[in-house]
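Here the structure is laid out as structure tokens; the discussion comes afterwards.
Letters A, B, C and D mark the chains as written, and numbering starts fresh at 1 in each.
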Amino acid sequence: MNKTVANAEEAIKDIADNAVLMLGGFGLCGIPENCIAALVKKGTKNLTCISNNAGVENFGIGLLLKTRQVKKMISSYVGENAEFERQLLSGELEVELIPQGTLATRCMAAGYGFPAIFTPAGVGTEVAIGKESRMFMVDGAEKEFLMEYAFDADFAIVKAWKGDTHGNLVYKDTARNFNHPMAMGGKITIAEVEELVPAGELDPNHIHTPGIYVHRIFQGVNYEKRIEQRTVRKR
Amino acid sequence: MNKTVANAEEAIKDIADNAVLMLGGFGLCGIPENCIAALVKKGTKNLTCISNNAGVENFGIGLLLKTRQVKKMISSYVGENAEFERQLLSGELEVELIPQGTLATRCMAAGYGFPAIFTPAGVGTEVAIGKESRMFMVDGAEKEFLMEYAFDADFAIVKAWKGDTHGNLVYKDTARNFNHPMAMGGKITIAEVEELVPAGELDPNHIHTPGIYVHRIFQGVNYEKRIEQRTVRKR
Amino acid sequence: MLDKIGIAKRIAKEIQDGFYVNLGIGIPTLVANYIPKGMNVVLQSENGLLGMGPFPFEGEENADLINAGKQTITTVDGSAFFDSAASFGMIRARKVHLTILGAMEVSENGDIANWKIPGKMVKGMGGAMDLVASAKNIIVAMQHVNKEGESKLLTKCELPLTGVRCVKKIVTELAVLDVTPQGFRLLERAPGVSVEQIKNATQGRLIIEGEIPEMVID
Amino acid sequence: MLDKIGIAKRIAKEIQDGFYVNLGIGIPTLVANYIPKGMNVVLQSENGLLGMGPFPFEGEENADLINAGKQTITTVDGSAFFDSAASFGMIRARKVHLTILGAMEVSENGDIANWKIPGKMVKGMGGAMDLVASAKNIIVAMQHVNKEGESKLLTKCELPLTGVRCVKKIVTELAVLDVTPQGFRLLERAPGVSVEQIKNATQGRLIIEGEIPEMVID
């Protein structure tokens, strides 16, 4: 069950114009740097990107925005990218902003075979417009929930810390974030990892994403792992 | 955030007659042996037990059945316990048999704040009787799903391999099974572990159930860990 | 006529390279022994394991490591453990390519019954209802007739159903059959079994077109 | 009148032993610095961490370890990492006892607006809509009036809402107020601030009953 491919170029070679992608990461933490670079190089157009954030101007998904490869973003927070905000306000970029938990859960729903899930997030706000809602009893009181559909993405592109040739993935610290739910939710899931090991080297008790969800895996190169807000304290 | 209690007796002391319990384990693998023994000793009556299996005649939940402490079982498979089958067929025991995936997911739903989930399991069978069903598009075709509600259990009683004083849990091998979804799903979650360590000793990347879900934890004693079907091969 | 091992061997031929497979209790469990060497197949056990290996050597049994039949097992390289909710998540999401399970009855439209005999036997459905409702491909391993000689391949199931319109293929001691919109289509005869025998043992609609070859089993 | 640190200090007094708390960006983040020593409190960061610690020492920043504000952080003993779906699962399941966040506007019935100014600012709601829809207890840290001197405690929010009927308590530079079915109930005045000042700065319905004490902040 060897799912290894040579590199990012090979991993993304069948991603065509108009594809719907899930892209893992939170801010710049745990983003699939190699695959984003390969997509920029390939020049794939009219992408729909499901990603919590839109990167910054010169890193992450920001690189794809700069080259105008993105038709639509589905995100929860895009405050760090001024170019994004400009394209959005000018109408060049289609944007769907949805609550972060809804975003994560719609990814996971695809991986759990839930056609839809219920969440109270967004009830009574513009997020609820046009959506089916329903009352359920919660802690003895009626509470309103929105029905939100599982995402239907062609590809999920995620970044893990370690992976094995079977596609089993282990994440590090808060870089797990959207990578796991998206890895589960893609029709085709591509994983780039900092360290690729032979099957059998990872402890089966410590796998975060079982290999059954992963279709292609490769060891990435030259990770920059840029820090967005370097906050420190004095010794 | 110290959630340690002395032992099983203290952990279960406020479980009263008529309580609804989730009990972790699959077959006899990963069952909360200490808490079951304490419940037998305490003699709590009219329990509703949500548990995938009903143990065997003289072990696991079978011990609670023998003493007639169980009013109702909600399970998916009870084939290993003849006393169970007898009580069921004679009408002494109320039993709700539901699909294993539905059982696991209804536990998890409680822990994920999903009031209900959709599953195709049981569509067209007697499991679907009286339940709301709904069509969704799956892979380009309409497919029918049942709406199943999150469990509303007073207590979840689970068994883990290791745990820390904050309630973080790590399971071993297939003993994870229902323990994790139930730990998430209980209003009060009680965890017994083979080894209890101070907070900070477990790798935060390898926690299976975050301590936020666990209210009481103790190190169990005298684990028998009985094997139901000892199958081996010759060297 | 095939014995249980013969049925398992014949089913093993349906498995393809790269498949994730869930094997039910009984004959399906035996299938694992006949997957061709060198073929990349990962066995899923719905109690929370991908990468199920053979039974442990004597003395190496691990109470924490069992399969869905509660048997002690081992893992293979590249295995992963997960919880029961995650397990049925991947089943519902159709990540498991093939489910092989037993049946008491199958009907010509692909309905299956295998969990209950009213008033007699109530073991429960376990994970079977989830598996049959979601799997892309379902193969049933079963006896063609019951102890009384009555067919278990029916126009309509008499026992409580496990799932509807889900079975794709059936392998019995007598034959291999596809479930089609028109009914059971006879594909192969077991060694030494005649089409006439299969006809007599099949109560549901049976489609026989052209010459029916005898199974080839190594 | 309180500065940002004063607001953070006053909110810290609302935290109880044993609480799991989610802190939003801005003033709420500062609250962590004023949780009384010895109190058992675990900070949840919705990007996937329970047990958030202080900023790292210089040179020890870890790009893989950030909070929901994308700041480099550390962990404390007993921490646990998880994915974003699991994180919002525990939020929806109301395992987080208290959410503290900022707001642009709050209305007298507890509606909150903090994510969008149509035509001007579109950063997105991030996790705020999930948090306010689920948290048992929500405290808002905010300025009482905007730069133009207009009240941000309104009869009805004018900006697009983040959540409805969810805010329980508000701490501003001027006052502490509860949100009740009857409107904003004034609980405490900031040091040196008069009831009259608070009245003038509050557009929504304000309930003033009895003597309003001045806040006590250490």
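Here is the rule we use: a contact is a pair of C-beta atoms (placed from the backbone, for glycine too) under 8 Å apart; a residue touches a chain by one contact, two chains touch by 3 or more.
Given the structure is predicted, the values throughout are model-derived calculations rather than measurements.
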Next item on the list: Please indicate which chain is farthest from chain A, where distance is taken between mean Cα coordinates of the chains.
Entry: C
Note to self: When I count C-beta pairs in contact, which pair ends up with more: A-D or B-D?
What the structure shows: A-D
Next item on the list: Take the average of all CA coordinates in chain A, do the same for chain B, and state the distance between these two points in whole angstrom.
Entry: 32
Notebook entry, point to check: Taking each chain's centre as the mean position of its Cα atoms, how many Å separate chain A from chain D?
Noted result: 28
Check: Between chain A and chain C, what is the gap in Å from one C-alpha centre to the other?
Finding: 36
Margin query: Where in chain A do residues touch two or more of the other chains?
Written below: 105, 112-114, 119-120, 171-173, 204-205
Checklist line | chain C, residues touching no fewer than two other chains | finding: 49, 75, 81-82, 89, 91-92, 94, 134
Notebook entry, point to check: What graph shape do the protein chains here make by touch: line, ring, star, complete or other?
Noted result: other
Next item on the list: Mind listing each pair of touching chains for me?
Entry: A-B, A-C, A-D, B-C, B-D
Notebook entry, point to check: In the complex formed with chain C, which residues of chain B make contact?
Noted result: 26-30, 52, 75-80, 85, 88-89, 95, 97-105, 107-108, 119-127, 139, 161, 171-181, 208, 225-235
Checklist line | In the complex, chain C residues that touch chain A | finding: 18, 20, 40-42, 44, 49-51, 75-82, 86, 89-96, 134
Note to self: Please output the residues of chain A touching chain C within their complex, sorted ascending.
What the structure shows: 1-2, 110-114, 164-166, 168, 184, 198-200, 204-205, 207, 210-213
Next item on the list: Report the residues of chain D in contact with chain A in the complex, numbered from low to high.
Entry: 45-49, 54-67, 69-73, 81-85, 87-89, 91-92, 94, 111, 119, 122-130, 133-134, 160-165
Margin query: If we count contacts the way the header does, which residues on chain B are in touch with chain A in the complex?
Written below: 105, 112-120, 136-138, 143, 145, 170-173, 204-206
